[in-house]
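In structure tokens below, several structures.
Look at the two complexes coming up: chain A is in both, with chain B in one and chain C in the other.
Let's look at the complex of A and B:
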């Protein structure tokens, strides 16, 4: 069929010079994409290895808890540790001050205890996943199989692509005091055009057509459309900005993340924003002292919130990604390390009521109901 | 057409009855609606592939107005199928002028082979800063091209989940009214599944038959998307 035809396309992909073997910060993804780390190894794993270059990630905030900041911090730190230029916009008056709160990569001494467990677990998980693919004859799984083996083999060097960040240790100053880090405050901007211009000029350094580009750019926009910003009422302008940012990022060697207070944007516009995202996640706070949830989930005391993945980036392919679990729990291990885990259902007493379907197993169709509905 | 196996979508769209017709989609306007959970762009890809690989009619032309993704994305998905594609962005009026220019540049007999594909309409709204009247006018003009005089076909993708929360979703209703074929793509009510990616409903408003009564045909089936093709099947009937 089409597989035997030679491609006569006029579109050629200009790859960054420092790709694949040269720089550890980028690795190959499926369908000719390249991936960078989100700064959270568990999230990278769930998204299929990392965030594809050119994607727009949108995070729907929960107005009751600042968990989106955990995602932002790790994302920004990962970029800075890899010396990737960063553009950060926030509604605070002094966005540069925020950089001092970014986490530092954890020291190897702390890492050992965690990665040892992870390594063992991975060993088991890989064997199990590999077995699952026997007997299926889908060609796209070869790529996945290859990726799993790749991860297993280079586990020792895993830290190069993505780091574990210690939230209690701030990042060294030399990482963010440099020309490559730019900050904007969106609070007093009269309209969105100024932000749009800064983003466009920042991204022009990372055009795919330019063969001299050697690194990846990262854009982090915090709380777009927050009510304290003057421009938050201009809904169509905001939408237009996101639309143009999305297309500019797509044609650049860059990744952008935008967090926004979804409950404060009108319902129709919230949906429009969601449609524009390549990767859409939402964070939710966990109610304190919820006895129902405590009975339902193991490790309830350690969970600070939930991360729900609504859409996984699918660039260059039409096949949707079906995740084993779309809801992950956000935990702070030892109050220092951000960990995302599948929800583990506590054993249900056989004599009492129904069981909920949202456990970490790999069953196909799962029905979500009750208090874990999002 | 060629001897490719008919699938449920072809039947639902009435493509199997158009074997001898020059116009690939029969001069119809097709509206595809999807939502955040399940994207309907695979229907667009399948239709474009169908149009560009029809061996009986090699002069099919697709005018692709792609606002949602860069061409490299579609190129990769369609695996190098070639076709004349173009797109304009500077104002709706200029956009329509471009479309008519392409249409007029085709030889007279081949005008019915033109299919205009729009991905997607909500982005035209963004470009027009929300003035849905202008966008509707533009779409009505495009729809007029599907009349007997020109005989082009029109395929549009839109998202209906943001209109459903409005009190009077006028824009959506007008588009649904104007379309000859309505394809709605939804996720399964029971949640995610690796084997079935969603379900679709196709409403095909045929012309009046000889006795003057309308033949509306509604089909409902499920689908699973693969790299190069899509499987369609009735619920529970997947082999």
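Let's look at the complex of A and C:
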């Protein structure tokens, strides 16, 4: 399935070799970028299809809740399921033990029922919500022709690009016992240079200039500035580490995600780190049994936390992304599946219930239609 | 809630999870953290002796009080200390933390005296030695294998005098992830340290209990001397505020009041709830269709410019033409001015009503009285 782009200019981009293979794990994004899945379909949708290759995602942790681990787990599992090499760094003594707790893709039976409903729902929507469809599948469309044809191909493909993960089923061992998975413990490293070297050597396998690269690399660094690491005091060194990682990742066919406890980094450095991120999200804990919050939000019982999206990756473009909602609620459906939803605030009700539904505002559609070029 | 804390410590750690850890913090405005610490210590000891808790032994790392103090305190609280060798070990970092007395004794200047029933530790700067000694003492109490023990650190503030934060954090996180540790709790005087220290230790703990003073002003000298006895009384009371990090990522917040007495600390529940927590988390709602009680009352009080008020009073015809009032409608105007003053006194809201028929000349063909429903 080649992307039938209607060329508006004679300039043609030098696409990396991976695109010609058209593997399901990489999808074409807007502005000549390629996207990989974050492991959470709802997050992919909010970010515009997925995480662009070469971007650095930073997650600001809340010291009171482990929600960043949910994001990390899904990200790592998605990479392992697609057999992408992974480098994982964490402050615990035995990072490899964590791999045993990664979630497994949910069984096809559950998957099918979900996407089947989605198809049915979307099937109804084609008839009258024409514009909204453009917004959702923007990445696959540069023109209006062949839109409906693409639609079904995208849905078919979607199952492979991004999986639903069942947090209660651990990943099969064969996914992470290969050579392509590397783990580092950041706890006893005397300084950050050792971590930097490992990252650089890992990323050298994915250089864009190399035509033989077959897959994307993923780097996951957990709790970069945790207090038990010796290097947490050296703020300038950590800053230069993040900067060099960002530049190396940008020129590689890879994606990196770093989580850090924002309350433990001094305010000025926290701001600097935030500026370095291509994609910045933060997670927040919510109080338990809070009557005020229960009155304000519907579905409060299922919500475990909030996810705030501060910055969406915009590579190769100056057009800013206008999100419909920057605060999403993190829910665990049946305590197994991670779902991100727009907040339902009383008294506004109903239409923004599921992750498929949008708030139905015309402003959303019009901002997205601006990126179509005729 | 002190009971909930003790229950969590009693329940201990689950397989594969970090052990629950408690930070007790206080300030000079309300310096009763040690009272809370000893309370938790005596409760934990009682439960260990009764066999009701997961842990079977307790290691106390004593920096700010001597071991004999703890044994006396436990005896006074009704805990059986005769068999103390079997379930408690007190690591004495109080008598001779840096080994000076030992050196002086060696050179013959001071007579050496050994403390019984406790293990003397003379090298507080060596955190690795401390850690291995804690583990050794603990497994000495409970034996090798699956049985667990608890650790209580008298004062992390004292520990931080000798050892940098990253090492203390490393010690705590190692202990938390150790198979044989059931729970850990420690005391911290938060105003002595940088904010970073306090937040790092809170990051590592699953429960944070803070002892705060009742009166908000930090300056103890506010208030006249006549109220000195009241101030003194209030000084012995305070607020006990606990934040629990639950497994699902939510935070439970609890509040109590405590009262410091000769025999120890007493907790009482408090009924006032704080509803301000949720306001910072949820994005602002655009409009609010709900009315508060106060608003409902005020709405009921507004006098509407209808002819029928429905409350049995004689019909008053509000005539917008007040300027003509004195000669033709003397009584009515007096009534209307009364009602208008009533309106004004009812919360300052006014409904200014201009009847369409006001535009007409008074001597027009139509009789405005025809439209009235009397």
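Heads up, the rule we're going with is that the second predicted complex is superposed on the first by the 289 of 374 C-alpha atoms of A that agree within 3 Å, B and C clash if a C-alpha of one lies under 4 Å from a C-alpha of the other, contacts with A are read in each partner's own complex, and residues count from 1 in each chain.
Definition applied: a residue touches a chain if its C-beta (ideal position, glycine included) is under 8 Å from a C-beta of that chain, and two chains touch if they have at least 3 such contacts.
Predicted model, so just to flag it, every value in this text is computed and none were measured.
When the two complexes are overlaid on their common chain A, residue A:272 makes contact with chain B while staying clear of chain C. Within the superposed three-chain model, A:104 lies out of touch with both chain B and chain C [touch as defined at top]. Look at A:84: by the touch rule set out above, it reaches neither chain B nor chain C.
In the superposition on chain A, A:229 contacts chain C only, with no contact to chain B. Judged by the touch definition given at the top, the superposed model places A:46 against neither chain B nor chain C. Legend: residue contacts after superposition of the two complexes on their common chain; A:240 is shown touching chain B, with no touch to chain C.
326 are the residues of chain A that lie in the contact sets of both chain B and chain C, per the superposition on chain A.
Put simply, chain A touches chain B in their complex at residues 1-3, 5-9, 11, 13, 31-32, 138-140, 235-237, 239-240, 243, 247, 250-251, 267-269, 271-272, 274-275, 280, 310-311, 315-320, 322-323, 326, 364-368. Residues 36-39, 41-42, 45, 69-73, 75-77, 79-82, 122-123, 126-127, 129-130, 159, 161-163, 165-166, 188, 190-197, 225-228 of chain B are the ones touching chain A in the complex.
Looking at the complex, you find that chain C touches chain A at residues 164-166, 169-170, 172-174, 177, 196, 199-204, 243-246, 248-253, 273, 275, 277-279, 281-283, 285-290. For chain A in complex with chain C, the touching residues are 63-67, 91-93, 187, 226-230, 232-233, 261, 263-264, 266, 284-293, 296-297, 304-306, 326-327, 330, 332, 343, 345-348.
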